[in-house]
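Two complexes follow with chain A in common, the first pairing it with chain B and the second with chain C.
Take a look at the complex of A and B:
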């Protein structure tokens, strides 16, 4: 049953999942090619100086991709469910409704995790070829909150879509905007260095929020 | 499900505790007065330029006797600050208080140094550029490598991203021959080619000793500055002043400021008004006769005039901001949560609590909420009540919104 449910999710979102993966590849290639151009034009020594002493971050084009990916996969997964209330069918499966939602979440998070992991790995390899370890660490510390923002966006999209009442959807959206903004507060590389654990806890904190929406949906809440 | 609802309430409370005060600041903040002050070597008193809002004009005055000056006269009482203007007008004096001072001397001794707590509280990549200090060229040039210093010193070539083994070994030998204790805590230099000369890096070793590292004719130069043992340095601002009188400002863990002089690394304390290096800003405006040491903090502006030769205090000044209590921030909103600060580049939570009396409002809100909720549901909402007592308005709003 679980496998069938996961297959249903794949059938529903495969175009979006593949598109996200393709955009991730194209964006990563673009960022790396652009960096390569800077290597040739400005020279590595100047580039290192700009990165280290002027705190310029060469992967900054990546900033909003995880959020876009989270929005995309979230809507692809949950929007069809709320159109004509198709989620009802899933909830009538011989499975606990929380388990159904958790399986759906796991699928979406899994897709994002795969894309983000591969992209992060690509940037880590790229950085380790052209830059010292210290730069690589700084880069990971800079992009990690952006990826967390991607997961948080996805979880909020699930929470908002599954919520049956429009007013509450609006309030949940405001909560989502406020929370996601927390992960994008600074343009300084590695600004979240000391508080990564805290923001990881915030991300995990949000994971079960969708369950409340599905409970309200099942109870037919009107307000 | 209760737990999830409570989790949402907690998150929403924190977001509100961050956003409501921040929006309130956007609509209510006013700029503090920024008065320029400088110690006059002619009047031997602090003088200021302030903006008179009633008259809508700048007022230049002596802060000791209140005498007001015209712009031209003001240039004359601050000859070491406005010397270019005085020279251009042909009004530069032959001597100042009986001492002949040349413009060359002023050029050499005048400097401005600004310290912002952000200089210290900022993430950085621990990779450093060590210039050739004795290249014989007027302009400093990039050295073609960078170094890292943790358990050893290693030079890395940016083009190949590989360690230059020969140069690293050459520098490492000098470290091994010294009393330097690895791992190094931090290195502080001024990695800019836009400076008159290079004095390399000041490195704090694992015992808190400060070492001076330079590259002279491609060879390592390492000296223990014999920094006094009782002082624990936490931040160093390496300077290259024109008169080559000192190497760096050193800040210790007790918020004291020192300079390391070029006279055998002698350490001289720079007395400052009350200063917190993690929050405040410091500005030093120096001339051949006096150093103006300004501390800018939430209290306002406090300054010392130090005699340049001895660094003794000759005068002090306080322009304190009146403490204005904001009713909303003190008695309505129980606390402010911020993640960004003017004194740090790091994103981390900063909490500022309101007056203790705000708890009264919190309790009133909590009882009202509890009374309404229990009337409606027949059960006293314990979690929400406690939460509203702790977080006031911020907890009340999500408690109402996320009631089921």
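Take a look at the complex of A and C:
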């Protein structure tokens, strides 16, 4: 049953899932080629100066990709469920309703996790070839909140789409914008080094929000 | 007769608007029960409460003895649901959607689905998004038939269907439900279709159920009576005469009483020596007689 539900999610979102993966590959290639070009044209010394003394981050083009990916997969997954209240079909399946929603979340998070993991791995390998360990660690600490923001965006999209009342959707959207903004407050490399734990807690706290929307849907809240 | 669904003292409001108060009804096992009512009387509200998509302000619905708001997966397996508008997944084709649902139901009968699909003469790889409303209705029906559910709940099945598909839908469902002794709870705006399908009818008016009885009994006993009278004020208050209307001296009333009983009642109200014409009714006419034209 679980496999069938995941298959349905794949059928529904495969174009978006594949597109996100392709954009991730193209974006990663662009960032690495651009960095490689800088090595060759400006030289490593200049690049080091830019990175260390001027606190510039060479993977900064990556910043909004995880949020865009979270938005995209979230809408692809949950928007069709609210059209004609199609979510009723999933809730009527002979499975625990919370489990149905959690499986849907697991699929979306799984797609994001795969894409983000491969991208992070590519950047880690790239950094470890050209830069010392400290830089690699610094890069990961810089991009980790962006990836977390991608997951948080996805969870908020699920919550907003599944919410049955428009006013509440508005409030949830404001809450989402405020929360996601926190993850992007600073562009300084490794600025979130000491607050990552807090960000992880926020992300985990948001995970079951979709269940609240489903509870309200089941109660027949309207508006 | 054993009841598969029991709704007890259901009360629901949308804001301050009362839909109904203390509504009670049962769906007996093995019967096809049609819920008839004008727009806004609470048909879809009732279906939503039954399926756990709406929490009533008070009261409860029991389905196979379980509260409908918290049905176990085992009970959900016994309930086939057709959502208003024959909603299904447009991104799947007809073979994929059959395979998808078969994973959830151990008693899945794929022949029931494919027999119906053969009638449509569509390619198994045809996507639902590229099908007409009528074809989609057959896919949705085929899926709930293959589920082999004990109880089928169909919300406004005739919505958007042309006469051909409506007849096909009704014939297939009726034959299947009677052959397999299934319990069916159905709503539709088109009462002619219901007449061909249902065993029992439950007629709702604003805030209450007017009656629940076998269609055969209703059509045998409920009559329209026409006679000449000057207005309706003399008998407008009589509860056994439904919705009297008088246009240019031609009066019509509906009643469960026999012609002689109606004549006696009218005579007691001071209307004597009139010629009463008795008319048999279709279900649609009976529905209008019970709920009124307006």
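By definition in this document, the second predicted complex is superposed on the first by the 222 of 223 C-alpha atoms of A that agree within 3 Å, B and C clash if a C-alpha of one lies under 4 Å from a C-alpha of the other, contacts with A are read in each partner's own complex, and residues count from 1 in each chain.
In this text, a residue touches a chain if its C-beta (ideal position, glycine included) is under 8 Å from a C-beta of that chain, and two chains touch if they have at least 3 such contacts.
Please read all numbers here as calculations on a predicted model, not as lab measurements.
Chemist: So, on chain A, is it clash or fit between chain B and chain C?
Modeler: With chain A aligned, chain B clears chain C, so fit.
Chemist: Report for A:198: first if it touches chain B alone, second if chain C alone, otherwise both or neither.
Modeler: Only chain B is touched by A:198; chain C is not.
Chemist: So, A:94: does it touch chain B (first), chain C (second), both, or neither?
Modeler: A:94 sits against chain C, while chain B stays out of touch.
Chemist: May I ask you to name which of chain B and chain C touches more residues of chain A?
Modeler: Chain A has more residues touched by B than by the other partner.
Chemist: Based on the superposed arrangement, let me know which partner A:52 touches: chain B (first), chain C (second), both, or neither?
Modeler: Touch status of A:52: first partner only.
Chemist: Which of the two partners, first being chain B and second being chain C, lies in contact with A:146: first, second, both, or neither?
Modeler: Neither partner.
Chemist: Give one of first, second, both or neither to describe whether A:190 is in contact with chain B, with chain C, with both, or with none.
Modeler: first
Chemist: Kindly classify A:218 by the partners it touches after superposition: chain B alone (first), chain C alone (second), both, or neither?
Modeler: second
Chemist: Return, as a multiple of 10 degrees, the angle whose vertex is the Cα centre of chain A and whose sides reach the Cα centres of chain B and chain C.
Modeler: Taking chain A as the apex, chain B and chain C sit 140 degrees apart.
Chemist: Across all Cα pairs of chain B and chain C, what is the smallest distance in the superposition, given in whole Å?
Modeler: Shortest inter-chain C-alpha distance (chain B to chain C): 13 Å.
Chemist: Starting from the residues of chain A touching chain B, keep only those that also touch chain C in the other complex, and list them.
Modeler: Chain A residues touching both partners: none found.
Chemist: Can you list the residues on chain A that touch chain C in the complex?
Modeler: 1, 3-4, 7-8, 11-12, 80, 84-86, 88-89, 91-96, 217-220, 222
Chemist: Can you check the complex and tell me which residues of chain A touch chain B?
Modeler: The contact residues of chain A facing chain B are 44-49, 51-53, 55, 129-132, 134-135, 138, 141, 168, 171, 175, 178-179, 182, 185-186, 188-195, 198, 202, 205-206, 208-209, 211-212, 215-216, 221.
Chemist: So in the complex, which bits of chain B are touching chain A?
Modeler: Chain B reaches chain A through residues 1, 4-5, 7-8, 11-12, 15, 18-19, 122-127, 129, 142, 144, 146, 148, 156, 158-159, 161, 191-192, 339-340, 345-349, 401, 404.
Chemist: Sort out for me which residues of chain C touch chain A in the complex.
Modeler: 14, 48-49, 51-55, 69, 73-74, 76-77, 79, 81, 83, 85, 87-92, 96, 99-101, 103-105
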